Amino acid sequence: MDYRKKETTVVVSQKEISAGIFDLRVRTQAAAYCVPGQFAGIFPPSDSRMLMRPISICEANAESGEIRFVYRVAGEGTKLISALKEGDTAELLSVLGNGFPLDAAEGKKVAVMGGGIGIPPMLYTAKKLAGKTAETEIYLGYRNNDTFLASEFTPYGTVNVVSEDGSTAYKGNVLDALKERGFKPEVIFACGPMPMLRAIKRYAEEAGCIAYISLEERMACGVGACLGCVAKTVNKDEHSHVNNTRVCTEGPVFDSREVEI
Amino acid sequence: MDTRVSIAGVELKNPVMTASGTFGSGMEYGRFVDLNRLGAIVTKGVASVPWPGNPTPRVTETPSGMLNAIGLQNPGIDVFVERDLAFLKDYDVPVIVNVCGKTVEEYLEVVERLGDTSVAMLEINVSCPNVKEGAIAFGQKADALFHITEEIKKKAKQPVVMKLSPNVTDITEMAKAAEAAGADAISLINTITGMKIDVAKRKFVLANKTGGLSGPAIRPVAVRMVYQCAHAVSIPIIGMGGIATAEDALEFIMAGATAVSVGAVNFANPYATVEVIEGMERYLQDTHTETIRELIGCVDR
Amino acid sequence: MDTRVSIAGVELKNPVMTASGTFGSGMEYGRFVDLNRLGAIVTKGVASVPWPGNPTPRVTETPSGMLNAIGLQNPGIDVFVERDLAFLKDYDVPVIVNVCGKTVEEYLEVVERLGDTSVAMLEINVSCPNVKEGAIAFGQKADALFHITEEIKKKAKQPVVMKLSPNVTDITEMAKAAEAAGADAISLINTITGMKIDVAKRKFVLANKTGGLSGPAIRPVAVRMVYQCAHAVSIPIIGMGGIATAEDALEFIMAGATAVSVGAVNFANPYATVEVIEGMERYLQDTHTETIRELIGCVDR
Amino acid sequence: MDYRKKETTVVVSQKEISAGIFDLRVRTQAAAYCVPGQFAGIFPPSDSRMLMRPISICEANAESGEIRFVYRVAGEGTKLISALKEGDTAELLSVLGNGFPLDAAEGKKVAVMGGGIGIPPMLYTAKKLAGKTAETEIYLGYRNNDTFLASEFTPYGTVNVVSEDGSTAYKGNVLDALKERGFKPEVIFACGPMPMLRAIKRYAEEAGCIAYISLEERMACGVGACLGCVAKTVNKDEHSHVNNTRVCTEGPVFDSREVEI
């Protein structure tokens, strides 16, 4: 269960599934070694750009040998990546980081929560949790009714689609919906924008449940060497003993109690 | 075909090292390359006590380069000796420890602690642009550099490499000061201070505002400085700045470097160090060059 | 939407100029862009007499940049006034003449000759790394810079812009010296000295051995220096170094530059100047910013 | 007859016509404005490489709107260009420089001489001279019997294929062959390596004929602005009055008497 390589992969397909949101599938042996919550570094096809773009694994299929990424075009790098077409090659550094501790969900009431472009890794998470939990409720937060990926969650739990503008079933944020439904998870798995993760951290502390949250930080190496990507921790970190842990290797998934966000 | 070089009596299998701060203590990249293949491993800067470094964002990309403002986060010399040096003992590769500090005393503390370890050389970082005290303050004034070099030489049990900053008017003045104070070698260049602004947010991209520029973008500046220093001092030079390929490394060697370091490019290509070594071997073979040592400074011949 | 800026009393339609030496006297690029669209045209360095420049090769490519060692080839002030200034008279665009020399006297000769022409400003090149005498010698020592600036200010009939070299330990010292001596503005950065070696031939690529590095590679260094100078002096700053797009130009303005120059990128994209202007206009529109002047130095606000 | 643009052209075809020698055809309106001896700047498809690669026009066809280039892979830039495929785009700065003064050949005995990778522009030259001259002899110098393009010259004059190793009709260099044949040209048009051009310059002075030679120099702008590409001239040059003329704009073709090489 350990794979870490930089390699040239082949693009199986790429399409724009929503405005500015792309679904990219590549073929690589790494597909057999992924855990939900892990990510890959995709290098923009550009020889003036040195750094990879960390993108979460949205699905990985050992049989087909395919990894799927769903990402938003945020800047020049992702724009270049979005121009890749079937048959093109994509340089990938994978598999990076630690995924969600799925075992912690065994037999529990679980909330899977994703916000915005944090939703893709939660699809893979929900899928891998299927059958393991006592109950899975899925909360997906969007800005409006452009609810990319939402329909794909249906097989894996009760899906609650939340939007800021109220154009979906629930209005507000994912925690509003959870409270409205009166769901009381024992474990939360979450990825999304920082305000959402902060709210979840607070909620988990108050409600006495455990939340695993996936953090984002600027990265250079992706493998723990450069110390570029640290997050503040409550306790001394393993590596430098300075309450600054590496998101790329100790994360990106953390027990919300461990990090100061 | 002979790729061996020696620096201050330390024999290297080949001239290819890792640049401090871009390769951790080797652990992380040991999954990509055989560490025993390397000429030497230069570790991340280590201080007398743990340093937390700067707030994030600490890294960003620039054209053919990157900026970093890590701020020398490190676990301090105790953990470093127990964990990192212990890890490296299992490898047959000389270890060069990069040392940082805020005061001369702090540097000396680390230097003394390393005295009875198996470390092959010390690289003194007086050129990090990302911390407010110490570091670069010693690296931008010839007299300050002379002083700290002299003090370190008094205590050091291993050969001392002074790592120079490119953020100076005349790099040869610094090289000469280091040599005059007894440095066994110099390494250059550290990063060039730079800045990036996010025009959409109208904010600095790095929390520290400025960062150090590295990567292929700076290579022409680094090669020039190595060339200048090779003509100014007679101690050996470890050259670095944007090395990505064997050709790049050979540029430095032909300019006068005895050894080279691969830095930021490790992030783009974790196999870069070994690819540089292999490319160098091919170059020697293809050009019927017996030893890499013939090439040191050959651009002038 | 208002893109106008003014420097030392000279009104510019917009802050986008050409960088000296990369745009001739406008003639050559007049076939690609409407010269009247430009904020100003900065001409190639001109001396009191014709200069032949350096032997070839004079240019080469580097990662996201290039090296040049033209060595200030120019036809001398007489031909320049008769031909180049005559050509530029037909355009509605302020002309800034870049002045070079080997001695203070040579600079003064050119400055005086230009006194009764329609030239809007003088840019004094004390920072060209590619000639042995003069030029950069004045640009790397604060007292030398102070002296030449003072002398030029005595004779100049037009506002004087001192063009600073990045090849210094502390750019703010140079900026302050220029300001103290009465400079009306400063421009930066000139090129960073670099070198490239052809490893197959084991020879310098440039006949001059070293050349000046320009292009996107150096942008982070240039932005940093502009930011530092903006905090050190209160005269206006013309920023340059690797500007290719409106975003790049805005980085300089947000760092504190009142105007910017597009240099080496003209070679890669002869439409670059006008594309930068158009992109800037779009940015103002999209962000509902009334005037470009609000953005000067805004990264600190 | 005046066209100077940087534009995105479409690759019509590219093939390797000999080891390391490529034949690239692109579609552009510039094709209607070319003169033999002129060149274009081809930008390598790479965003870390700023400068164009000057490549001579080997043929231009106004009707089909195609320009043909034949070039050798010399370094990284031409290597990247050689990977362009039909349908790809190529960034081109054209049309650059002054071509051969074809009128000077009107009714004269003319030698068209090309050496190595200097041969491509001479194909276009020979073609455009056809019917204008009293007599055209073509001399093509190669290293060995890899005589790329040679057969295409046949319609335009007597073709003499010369090789250093003697594996073709003539052994030696193009001037050896000319002397061996006893041909006495009044005008020479030539492109090739510097030693060949130097020999032609000397020959022309001795034989009292006029030689137009095409020079190579490292270029940045290609349009006369940077003064990167100068050649030493006998007289003061137009631009700077310092006996250093711009190859990109005053050349690349010069009367051999004007330049010091």
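Note that the chains are named A, B, C and D in the order they appear, and that numbering of residues resets to 1 at the start of each chain.
Operating definition for what follows: a residue touches a chain if its C-beta (ideal position, glycine included) is under 8 Å from a C-beta of that chain, and two chains touch if they have at least 3 such contacts.
It should be emphasised that the depicted structure is a prediction, and the values quoted were computed from it without experimental measurement.
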{"item": "Each chain counted as touching subunit B and subunit C at once", "value": "A, D"}
{"item": "Pair sharing more residue contacts (C-beta pairs) when B-D is set against A-B", "value": "A-B"}
{"item": "Inter-centroid spacing, subunit C versus subunit A (mean Cα positions, whole Å)", "value": "47"}
{"item": "Inter-centroid spacing, subunit D versus subunit C (mean Cα positions, whole Å)", "value": "36"}
{"item": "Of all residues in subunit D, the ones touching two or more other chains", "value": "47-49"}
{"item": "For subunit B, residues that touch 2 or more chains besides their own", "value": "63-65, 215-216"}
{"item": "Graph class of chain-chain contacts, one of line, ring, star, complete, other", "value": "complete"}
{"item": "Interfacial residue positions of subunit B with respect to subunit A in the complex", "value": "21-24, 27-29, 31-32, 44, 50-53, 56-61, 63-66, 68, 70, 73-76, 79, 215-216, 264-271"}
{"item": "List of subunit A residues in touch with subunit C within their complex", "value": "48"}
{"item": "Footprint of subunit C on subunit D - complex, ascending", "value": "4-6, 43, 47-52, 77, 93, 217-231, 239-244, 249"}
{"item": "Complex contact set, residues of subunit A against subunit D", "value": "46-49"}
{"item": "Footprint of subunit B on subunit C - complex, ascending", "value": "62-65, 67, 140, 167-170, 192-197, 199, 202-204, 209-211, 213, 215-221, 223-224, 227, 242, 247, 250-251, 254-255, 283, 295, 298-299"}
